[in-house]
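In order of appearance the chains are A, B, C and D, and numbering begins at 1 in each one.
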Amino acid sequence: MDHFGIWLAAFLTLGIYSFLYRDNAWYKLSESIFIGISAGYWVVILFWDNFYAKFWLQRQDDPMLWVGAALGFLMLLRLIPKIGWIARWPLAFIDGATAGLWGMNFLASNIMVQTKATIMPLMGPAFSGSIGDLLSNLVLVGGTFCGLIYFFFSKEHKGAFGNAARVGIWTIMITFGAMFGYTVMSRMSLLIGRIDFLFRDWLGLLK
Amino acid sequence: MRREIPLLITGIVGVVFVISYFIPHFPFNMMDGWFSDWFSIIQACAIVLGALNLLLISSQKIIRRKTDWGYSIVVMATFFLMIIAGFSGGVEFRGPDTTFTWLYNFTFMPLSSTMYAILAFFVASASYRAFRARNAEATLLLGAAFFVMIGRVPIGDLITGFMPEGARLSDLTGWIMDYPQTAGQRAIMIGIALGLVSTSLRVILGIERSHLGGDS
Amino acid sequence: MNRRMIEMSILAVITILSIIAYLGKINGWHNGYTFSTGLSITLIILLAASVIFILVLTIKGKLIGRRIVFLYIGIAITLPLFMDISQEIVVSNDVKAVYADLEGLPAGSKILVSFDYDPASAPELQPMAEAFIGECFKRDFKLIMMGLWPMGPQQANMAVDTIMNRMGLTDQDIIYGEDWVNLGFQTGDVFVIQRMGGSFESMFHTDINGRPYQDIPLVKNIKNFSNIDYSFNLSAGFPGTVEWVQVGVDRYGLKLSCGNTAVQAPTVYPYLKAGQLSGLIGGMNDGAAFEKLTQLEGKATKFMLSQSFSHLIIIAFIFIGNVAYFRTGRKSALKK
Amino acid sequence: MSLSQRKSFSVFPAIQFIIIIALTFVLSVNSFAQEATDDTTSVTSVIIAPPTNLLVEDFEYDDGEKLNLIWTPSIDDQPQVGKVTGYQVFRVTNDDVTTKIAELMPGANNFTDQELDKDSTYSYYVTAIANGAEASSVTTSPISPQREWVNFGLTNLFVIALIIGGAIFYFIEMGKRGKKLFVRKIAGLEAVDDAIGRATEMGRPILYIPGIHDMDDVQTLASLTILGRVAEQIADYDIKIRMPVARSLVMTAARETIKASYQAAGRPDAYSDDMVSYITDEQFGYVAAVDGIMVREKPATVFLLGAFFAESLILAETGNHVGAIQIAGTARPAQLPFFIAACDFTLIGEELFAASAYLSNEPKALGALKGQDVGKIIAAAAIIAGVLLETVIQLTDSESAATLLGYLRQAFTT
């Protein structure tokens, strides 16, 4: 058991919680330690996992990696004010690639698959489903449809169209409510874990 | 020129990546993999800029004795502590008995878990302060939240234990999740995807260009 | 005494109490405490009464500040940890689906488990990981573990240790390299999954301990997803379940179910309904349900009382907040 | 004839008896031996049928590196009662080297062999394995994988991408030509002017948070495009903008953005690199710092636009606590409920992507929004048509409706 370590961890934990009371020196100290430690952590991690493992170790096997290194080097030219603008090239490259890649992925996975999944019979084959199923499926199909109407930009939300949009925002609000409930659940679990650390691992008061 | 070249790069790269989605032939089939590698390497280089910026701001604070400059010393000290711990041990820095791991376990890990768990308190205060049955929309949100919160813990079925199976709170919650919730999610997902496609196109076509800088 | 003095003395008292408790722990003066049923019930009644008191105050027009709310959340979570009250845990259909999948697999099936989370999300996901691994060991499945998050594989090792201890298994019963293997972490997010579709080995040259891929009996014949019978993904965000569905399932036909933090869970429902996911364990409550199915009770079950309590407190405060809102003629400006 | 028949009748039970005795003996010895040595595989009495109909085809639309194998499982491979414990797939190359390439579970009937060379030929056979026995299929004739230039399997995706992309393109072109395009009001964006004006009146800074993802997320791109529009207005008013970021690349890109905006507003001298500062890549380290900044600098206005995760609520609650006007937006649905609760205006999902076009009020940017709407019409129409067809099929068993539905589903299959 590492006595110093566990007291340090508890000290920092409580320092962060003290922010709930108000901003204070203990919090500022914990915050600064956090910023310093985590910035250092990411420099270390990015060097070893990204630069060393992805480039340095494999630079001979895969000549294409040198392109990445070149782009990274151009990025570093930011440090020289006179030619700093060259750093826009790698940025432009990243923008283009991101836009190109993500656009297609989302088109395929979100638009097409989800549209197809919503095409469904309202009742089971040969009316095997109950009235309840019919209503449920109507909610699913109608909710999705009206939700799309809500996001429609080209038309003012008025009249029948406005009513559909209103049903759409209702559906979306139910979704948000459900997500809210799940979020509460999640956050409480995390706090339970943290309090378990304080009372079990640190102080040993819990059985 | 300083402006045109980046726009040209974005446009060409964007189009090539869109096309590569449909072409299984070499080299197009390798492009996304390459990009992922390159991006990792660029990230590793760029962190130098970030770290230097952090150090610059901190040292300026210390030199000019700005408010709370003492904490900037802490930032710099802990930063270098982590750097030394991470690089002195070579590639095995993540081993179980290294200083790096110790620092991770007893500072980084508790700090990030705590900051994460502090959310519970903010969730509570936001719930108390902001979730009001102001109008029909807000009331629906509250209602759904209520059923999910109570129906997804054992206490919900304890309360409705007298009801037949299939009509208890947990079942109602299940229905909300499966039907209206999923409908809303789908509408949001499809909308987001469309927005994403359109933004991507605008970036590729150079209609959105301010993020690539001005003329000097 | 001014405010600063009060703050300082409270801090000092807490510090002294902590030191005493800590010394007690390491010297074995105490072994942890559990409240008796009588005390538990008294505390619950007191808590309920004080919440009602706040409600009455609110109705009278006196509003409480957010620090009080913070205090109540702390209490509602801490006290139940000391109580020993059991509750009937409800198992949802999505959790049953995961268990049914495992029941349907023959012994020797190869299962890919991806640990895409870090210690911060461990309270929710670690119990699921433990129960899942335990159930797989019971059924003699072979586990191939990996992580898309840097700290994921460490969580995997911790989960294996914990569950083997709890089940009384030793390294002879469950052999590393034959019954399970931990391939470690790789950067590249979604591209890792994509390249695993071609070959696992191209992404993971060695396991987490540096042993070459070809020297590990369990995986040396595993080329890619087509050799995997089932997969399970523990996810706390990006990259996670969504990415596994988009690439692993949609492109490579992987059979996938997942354990998610509760925040994530609603966003994967559309995939669940569309059949891209076969089952879902969402949040600590589902974690407890899965522990119940596998009869491997662990922390999720233990924490359920606190979970229930905290939800009730939140609901109570939403209610009080709304009372305040309607009480003040809907022009509510709560003090901050 | 009759005699021999009778004879065989009399002889048969005897032989049967002997065989049974012998078998029992052998089996018991065998099982005994098995128990003793545990993994002896010398059981020869189990006979299984081999897998049949092994077919090797080129994997469609790849770079010439994959082959698809399909076969009919052994007839002794039945769930629960079958004797087959698995399959092994073997590959024979043109220089006659045989390698085992896969071990599969019972019930398996296909496999994709990958990382092949398109200039070599390959043959395959599949072996069913039982406890101590195995049976191989015939070896297929040699085949080599084909390389294709276009993935026709994605034709549907291509068509839909073309329609949506084309629509966006078309409306952008219309916009350029000066056609007036109507776009409805988006509340959160109408508020941007007021929010900036408020900061001016109060003489306090504006805080802009672009989310915590890096430049490889389109949400971050969208956020920076919005930043461009916002910064132009900020430059006009001469207020302080403060932008702590969690990624070094975002820092660089954000500086470029603000600089360009200040130039466009004719105030390049007012720009300084200090406006944007890097904190740390660590999600919660970043949040701890931003919380500190909020409490200590008390910004009048906070923009939270981009990819947000759990930190969203901490930021939004703290911002609310210090009394800032907050405009938030993200495409991460899980974070939206709390943004809606804690912030004054929230851009829901798609609205975040629409924001920069909307704020610019340039016709060609607005055209892109029109294009998005075409996508929504397609999705909505497909859903309604599909559900109607499904219902018609249920009511009437109509074959033509079924065919139509088949086409519709096919169109949305990737």
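Odds and ends about this structure:
What we mean here is this: a contact is a pair of C-beta atoms (placed from the backbone, for glycine too) under 8 Å apart; a residue touches a chain by one contact, two chains touch by 3 or more.
Everything quoted here is computed from the prediction, not taken from an experiment.
The highest number of C-beta contact pairs joins the chains A-B.
Centre-to-centre separation of chain A and chain D, using mean CA positions: 14 Å. Measuring from the averaged C-alpha position of chain B to that of chain C gives a distance of 19 Å.
In this assembly, the C-alpha centroid of chain C lies 24 Å from the C-alpha centroid of chain D. The centroid of the Cα atoms in chain A and the matching centroid in chain B are 4 Å apart. The set of chain A residues that touch two or more partner chains comprises 10, 16, 19-20, 28, 30-31, 34-35, 37-39, 41-42, 45-46, 49-50, 54, 75, 78, 88, 91, 94-95, 97-99, 102-104, 107-109, 111, 113-118, 140-141, 144, 148, 151, 172, 175-180, 182-185, 187-188, 190-191, 193-194. Under the contact definition stated at the top, the residues of chain D that touch 2 or more other chains are 157, 161, 164, 216, 218, 221, 249, 252-253, 256, 279-282, 284-285, 288, 296, 310, 313, 333-334, 337-338, 340-341, 348-351, 354, 369, 372, 375-376, 379, 414.
The set of chain C residues that touch two or more partner chains comprises 66, 70, 73-74, 77, 120-122, 187, 250, 262-263, 266-267, 270, 273, 283, 285, 307, 310-311, 314. If you sketch which chains touch which, every chain touches every other chain without exception. Across the complex, chain A is touched by residues 18, 21-22, 24-26, 30-34, 67, 70, 73-74, 77-78, 81-82, 120-124, 150, 185, 187, 245-246, 250, 261-263, 265-267, 270, 273-276, 282-285, 299, 303, 306-307, 310-311, 314 of chain C. Note for the complex: chain A touches chain B at residues 2, 5-6, 8-10, 12-13, 16-17, 19-20, 28-52, 54-55, 62, 64-65, 67-69, 71-73, 75-76, 78-79, 85, 88-104, 106-107, 109-111, 114-115, 117-118, 136-137, 139-144, 146-148, 150-151, 168-185, 187-188, 190-191, 193-194, 197. Interface residues of chain C facing chain D in the complex, by the touch rule stated above, are 66, 106, 108-109, 120, 198-199, 221, 223-224, 226-227, 229, 237-238, 250, 263-264, 266-267, 336.
On the side of chain B, the complex with chain A involves touching residues 2, 5-7, 9-18, 20-21, 30, 32, 34-35, 37-52, 54, 68, 71-72, 74-83, 85-87, 91, 93, 100, 102-121, 123, 127, 131, 136-138, 140-149, 152-153, 175-194, 196-197, 199-201, 203-204, 211-213, 216.
Those residues of chain A whose C-beta lies close enough to touch chain C in the complex are 1, 3, 7, 10, 20-21, 45, 49-50, 53-54, 105, 108-109, 113-114, 116-117, 140, 175, 178-179, 182-196, 199-200, 202-207.
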